[in-house]
Amino acid sequence: MSGRKDDELPSVSHLGSEQTTYTFDYDPSLLETFENNHPNRDYVVKFNCPEFTTLCPKTGQPDFATIYIRYIPEVNMVESKSLKLYLFSFRNHGGFHEDAINTIMNDLIDLMDPRFIEVWGKFTPRGGISIDPYANYGRPETKYEQMAEQRLLYHDLYPEAVDNR
Amino acid sequence: MSGRKDDELPSVSHLGSEQTTYTFDYDPSLLETFENNHPNRDYVVKFNCPEFTTLCPKTGQPDFATIYIRYIPEVNMVESKSLKLYLFSFRNHGGFHEDAINTIMNDLIDLMDPRFIEVWGKFTPRGGISIDPYANYGRPETKYEQMAEQRLLYHDLYPEAVDNR
Amino acid sequence: MSGRKDDELPSVSHLGSEQTTYTFDYDPSLLETFENNHPNRDYVVKFNCPEFTTLCPKTGQPDFATIYIRYIPEVNMVESKSLKLYLFSFRNHGGFHEDAINTIMNDLIDLMDPRFIEVWGKFTPRGGISIDPYANYGRPETKYEQMAEQRLLYHDLYPEAVDNR
Amino acid sequence: MSGRKDDELPSVSHLGSEQTTYTFDYDPSLLETFENNHPNRDYVVKFNCPEFTTLCPKTGQPDFATIYIRYIPEVNMVESKSLKLYLFSFRNHGGFHEDAINTIMNDLIDLMDPRFIEVWGKFTPRGGISIDPYANYGRPETKYEQMAEQRLLYHDLYPEAVDNR
Amino acid sequence: MSGRKDDELPSVSHLGSEQTTYTFDYDPSLLETFENNHPNRDYVVKFNCPEFTTLCPKTGQPDFATIYIRYIPEVNMVESKSLKLYLFSFRNHGGFHEDAINTIMNDLIDLMDPRFIEVWGKFTPRGGISIDPYANYGRPETKYEQMAEQRLLYHDLYPEAVDNR
Amino acid sequence: MSGRKDDELPSVSHLGSEQTTYTFDYDPSLLETFENNHPNRDYVVKFNCPEFTTLCPKTGQPDFATIYIRYIPEVNMVESKSLKLYLFSFRNHGGFHEDAINTIMNDLIDLMDPRFIEVWGKFTPRGGISIDPYANYGRPETKYEQMAEQRLLYHDLYPEAVDNR
Amino acid sequence: MSGRKDDELPSVSHLGSEQTTYTFDYDPSLLETFENNHPNRDYVVKFNCPEFTTLCPKTGQPDFATIYIRYIPEVNMVESKSLKLYLFSFRNHGGFHEDAINTIMNDLIDLMDPRFIEVWGKFTPRGGISIDPYANYGRPETKYEQMAEQRLLYHDLYPEAVDNR
Amino acid sequence: MSGRKDDELPSVSHLGSEQTTYTFDYDPSLLETFENNHPNRDYVVKFNCPEFTTLCPKTGQPDFATIYIRYIPEVNMVESKSLKLYLFSFRNHGGFHEDAINTIMNDLIDLMDPRFIEVWGKFTPRGGISIDPYANYGRPETKYEQMAEQRLLYHDLYPEAVDNR
Amino acid sequence: MSGRKDDELPSVSHLGSEQTTYTFDYDPSLLETFENNHPNRDYVVKFNCPEFTTLCPKTGQPDFATIYIRYIPEVNMVESKSLKLYLFSFRNHGGFHEDAINTIMNDLIDLMDPRFIEVWGKFTPRGGISIDPYANYGRPETKYEQMAEQRLLYHDLYPEAVDNR
Amino acid sequence: MSGRKDDELPSVSHLGSEQTTYTFDYDPSLLETFENNHPNRDYVVKFNCPEFTTLCPKTGQPDFATIYIRYIPEVNMVESKSLKLYLFSFRNHGGFHEDAINTIMNDLIDLMDPRFIEVWGKFTPRGGISIDPYANYGRPETKYEQMAEQRLLYHDLYPEAVDNR
């Protein structure tokens, strides 16, 4: 089998590991990175995460969402199994939907120092209303900051139809 | 359970409350806010509200719509259960579709003083025709005013197919 | 214009009437009939009614549903505008979803004495769960009673996917 | 070009004709037939007709529907262009939805004397409610009569979702 | 019932009227207006009209389309029931698809003098090909003229899939 | 508000209660019932539950599913808020998908002694494969036992397409 | 590579052949078979063929359809590349839609002597109407003859929606 | 019938003609025009053509595509029946997909001298891969040239999902 | 965490194991079982497997399919990770589509001795045609044999639309 | 048959060749080109490739994706059969999803020296998360470099819904 060598992946501990322990208390230290092989190019990685669940801070009731994460890497790239473990760690965490999306974005900025990142959550309804928060970020004083502003400007201009069924 | 503390949520009276009373006469005082934890960042919150119903001002007949509300907060954020109660208060209210959308937006501007807001209603057909009003707002003399103009410019450029079934 | 003559429609008072008054308290007397022109044939009429709303008996909160009604007429057929007015009369009525569907079916049996009838409600979710009650009826001691039993047997064998969005 | 010869198609006057005149008053004499080449076999022909429009008998308002026609031929088969002209002839005709479907089926029985036939109309909503009548027929005292009864028994057991948009 | 008062609606004669007469010869005088309550704000009203039918000018054959109309009001707003009657008046009118869309837009400009308007027709196929004309307009010498040019520039950039079924 | 009276609902403690506590350890005692108002009729209640999550018994990893529950009541009917709490109690429970579906059905049989019940789970994929277990039950020695056998016979005959996206 | 050996495939000349010549005149001799490895079991093979085109016998205009073929083999199975060549040979052939479906079924019966076969064509519309013929066959005097009758009885009971777009 | 007069349509010979002959060898002379009634306005006409078929230049195998054509007229507009005949004339023509799209656009530029035009083909897969070529054109040295460049820049930014089924 | 104990799962070696080796040569010995906890009940387990790939026996070209497997267990149930490994082992295996489906079913019968099983493959097109083989099995001389016959009788009666995109 | 001549295709060796050998080790030398007939025009060719499979570099497990490739040619255009063979050569290759997309784009830049190119992969989920990498390129110091930057800026602004089923 050709391709990436194991010694290129020293910082990846979860993927293919013998034994994975799942943590259900919010823990950003679960996140791990590997190195970008194409740092001279601007390109995009997107994660579709339809299995996100957390707890309502006021009632303790479980909430459910699909989280979409999209970024342009510089040096560090988040490893997807560690991202899974990190998202699982919200399972017993309480927070408003709007806070969850900002927290996830902040943690990924701390981890990767990406050129650009955006996080979009689409939650299932409570009381007949569903909430979809969206946040983004571009490195200050770079063109990526303008990218973030542009994408916020045109965000969700053509929204999906939602009928609660 | 980690996350938001109760003492951060003093202005939220409906969510998780013992006893909710439902009002079916238009009442903007039902709206409540909580405080934005991320005021230094421009980000978006969207509400999908497919359970909106009001009355035709001329005939008294019930009308039905899905309302999409999307805004960028400054300090105050509308609490979703209070938004639900507010939208329920249109239940016995009469008004043209175009007025309802403007009223909802005006009330949310008064409540939150948001940086940007937009409200889109998609009504079910009467006489074979359905009406979808859309209004938006950006704070005067800021970049959000231009955002509102840009989003109006590109609004609904790629509309959904509607076949009345 | 050829077709049905006005004097064939004496019992129809709502359709095309000058002035319609809408009642929002449950009132089965709103239902009206016209006469079946094809009584020697078994055939089917189905109504799709996506604009049904009522109140939760415990909390007073509005509930929303699509109601599907399907029947085989004998002599009397329910006129569709009167059906609309009747369904509107549930607007301020409280009841469990399961009771609403049984009530609608009972009222239509009283009105039309149909050979066969079935009523299916598909409600929007509350607390992440949606409820879809279904009831049917065939005239006792006729083949339509067996039809009802058969259709219950195979009811919803291939259900729609529901994801609360 | 191989295939059917022109002299096999003597009764077909509309298809490929020089000049078609469109009649908008109900006229079953527009229907034409050609001969079934496979009379020893039971097989099915279905027509999908989404361009049907007629007038409400009470208000004169246009109504719109998709009509599905499906039959097993014996000797005569309805030619599709003549079927189009016939359906166009309802354009200025007034009638309840339930009558239109029975009329179309009766005319096609008179024309073709088919072994089996069924006609299903799906109309666009009026007052938030749409009506879908269905009728069928099998030759009396044959197995096709039982086919009709069976298909009525299982008709529309898994109905399409209708949300008026 | 709160909301719009009847004396605000003097120019609206069709809505809720006793007796509606339907005209099937092209008649722009059917169009009526009511007054915009929010003239200081740019906002949008869209009509979805899937029940449009007219006649081919060459063959007399009926044609069918869904018409989408979208505008920004100044003083006058088209009342939706009068729009329905106006669109019905094309029923026996002959014209190329491209002309119908321009005619509708011209009539609505004459009626309302809107800031901006666009009209899009999506016709069913003839000979395996379907035609979708689109026209728009912004008041000359205003920013709305540039809006029209921008929206034409990006019109239908991501077209729906069409497979004639 | 007309309809069900509070004193008809003595056994319902969760719905509209002041304070709900959420349990995430499997607890069938959370289930509550109310009384069937239509015991002389066979009719159906279906619950759509897209917010089900549990843990893999071997790896501890969260699993996600939509659960469909459908039953014919005799005397006792499961109250939907208590069903929600019960399904939430699987949140930290480990079990194979096949066992979860059997457990849910067994608990509901114990609770309600229904005439008929069926439970279908549709899980998200693990390793590229998703699992959909289905179980049903009819009261022994009654026609409902045959109903169960018939519905198993024809279960999922026309399965949904699954492509893991 | 394990699996079928070349010497098991002596009758297959088109698949993987050096040079394929395409014939556009109807030619059933193009069809080839290979031998069924599982003759003791009743199982089904279905072909989805969305690239079928032929000519109208009256006007010479091209017609387009998707053809669905489904059979239970005995000894001989039709090889799929030869089926493709055979269906291509209708390209310049004239015939009514109903005849094409019967011809295809007859040729496949002659070729394979299958236990059961059915052929369904779904054509694109002409003049706003589309035609979907269906024929089937079971070996006379066997249970497969009853299978054919049963499947005809329940054929297309829940038809797809067709709107010509 | 009001509308376009026959003497406005002198150049249209195919539409409604007595006898149409179909040519299956590439022939751009089949294209005909009629005159634009609204030359002072920039507006758009789009053709959806899902019944396009041609031959592979290397293997002779039939290829299938949907062609989308969209243009802004100046004086001449292509008549849709003549467009149909022209597209049919590719039936026995061999060419790479990329060439077909360029040829169609070149021929329509020669015919109409439009202000702007674009042609998009979506072909069915060969060997598991499908090809979608797109070309556009704006009159040199006009704003339409910039329109073409802009639309190329944003072309297919949000592509449809393709899974070969 | 409550639920299944590890000592109930002695025969499961792949799930959660330290190190998985993937085999790409057909190897039915990869399949493993665990014991059915509900042997007294007839219930169903279905696997959706959209990531199946094998090689054409004649050309060596990769083929792709979604495999649907559905069975009623007796004592042994196939463990899903071992099923994944088994299906991966077809990766470099050559065989006709029809043979693959029969092989998979035969291997699962040998492994589990189930009461009933069925296997359906839906392959992507080659040469414009796609093949969907289906086989099933019920234990000889039991009611499950009749179940298999019934399900074959009604198999794919309402097929999905396939358009090769 | 008119169209491209064989002597225009000297560099194309795979298409229509007698015997194709499939390589499952990564081999960019499989790629072949033919010459662009329209070099003076900027136009687009897109490939939809839903049958891409590779191996995880860490676990050896097969991964599956749909690859979308879109470019503007200068002189050389990639021949589609050679592209298929090239993509097949990833079958036994190990690599992170992000690397695969960059590798494919780099190889196509080396092969064709295109004006612009972009490559988008949409992978099936592992551990509940799916990854969609996207890269693009425009010739340095040309307007195509700006095109690449613009398309990255607006990439995936309106993402598809993903629910892992």
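Every chain is named by a letter (A, B, C, D, E, F, G, H, I and J) in the order it is written, and numbering of its residues begins at 1.
As a convention for this text, a contact is a pair of C-beta atoms (placed from the backbone, for glycine too) under 8 Å apart; a residue touches a chain by one contact, two chains touch by 3 or more.
The chain lineup, named per UniProt: A, B, C, D, E, F, G, H, I, J = NADPH-dependent 7-cyano-7-deazaguanine reductase.
On a predicted model such as this, the values are computed, not experimentally measured, just so you know.
Q: Would you mind naming the chains that touch subunit B and likewise touch subunit G?
A: The shared contacts of subunit B and subunit G, listed by label, come to D, E.
Q: For the chain pairs D-E and D-G, which is connected through the larger number of C-beta pairs in contact?
A: D-G
Q: Looking at C-alpha means, what's the farthest chain from subunit E?
A: With centres defined by C-alpha atoms, farthest from subunit E sits I.
Q: I'd like the Å distance between the centres of subunit B and subunit F, where a centre is the mean of that chain's Cα atoms.
A: 34
Q: Taking the mean of the C-alpha atoms as each chain's centre, how many Å separate subunit E from subunit H?
A: The answer is 27 Å.
Q: Please work out the Cα centroid separation of subunit C and subunit J, and write it as a whole number of Å.
A: A distance of 55 Å separates the two centres.
Q: With chain centres taken as the means of their Cα atoms, state the distance from subunit E to subunit F in Å.
A: 49
Q: Multi-chain contacts in subunit G: which residues touch at least two other chains?
A: In subunit G, the residues touching two or more other chains are 16, 50-51, 55, 59-61, 64, 92, 122, 124-128, 130, 154-158, 160-165.
Q: Write out the stretch or stretches of subunit B touching subunit D in their complex.
A: 61, 64, 122, 124-128, 130, 160, 162-165
Q: Spell out the part of subunit C that touches subunit D in their complex, as residue ranges.
A: 1-4, 6, 9, 12, 15-16, 34, 36-38, 41-51, 66, 68, 70, 72, 77, 80-81, 83-84, 87, 120, 122, 147, 150-151, 154-158, 160
Q: In their shared complex, at which residues does subunit F touch subunit A?
A: Spelled out, the residues of subunit F in touch with subunit A are 20-22, 24, 48, 50-51, 53, 55, 59-62, 64, 88, 91-92, 124.
Q: Per the contact definition, I'd like the list of subunit B residues that touch subunit E in the complex.
A: The touching residues are 25-26, 55-60, 92-96, 98-99, 101-102, 125-137, 149, 152-159, 161-164.
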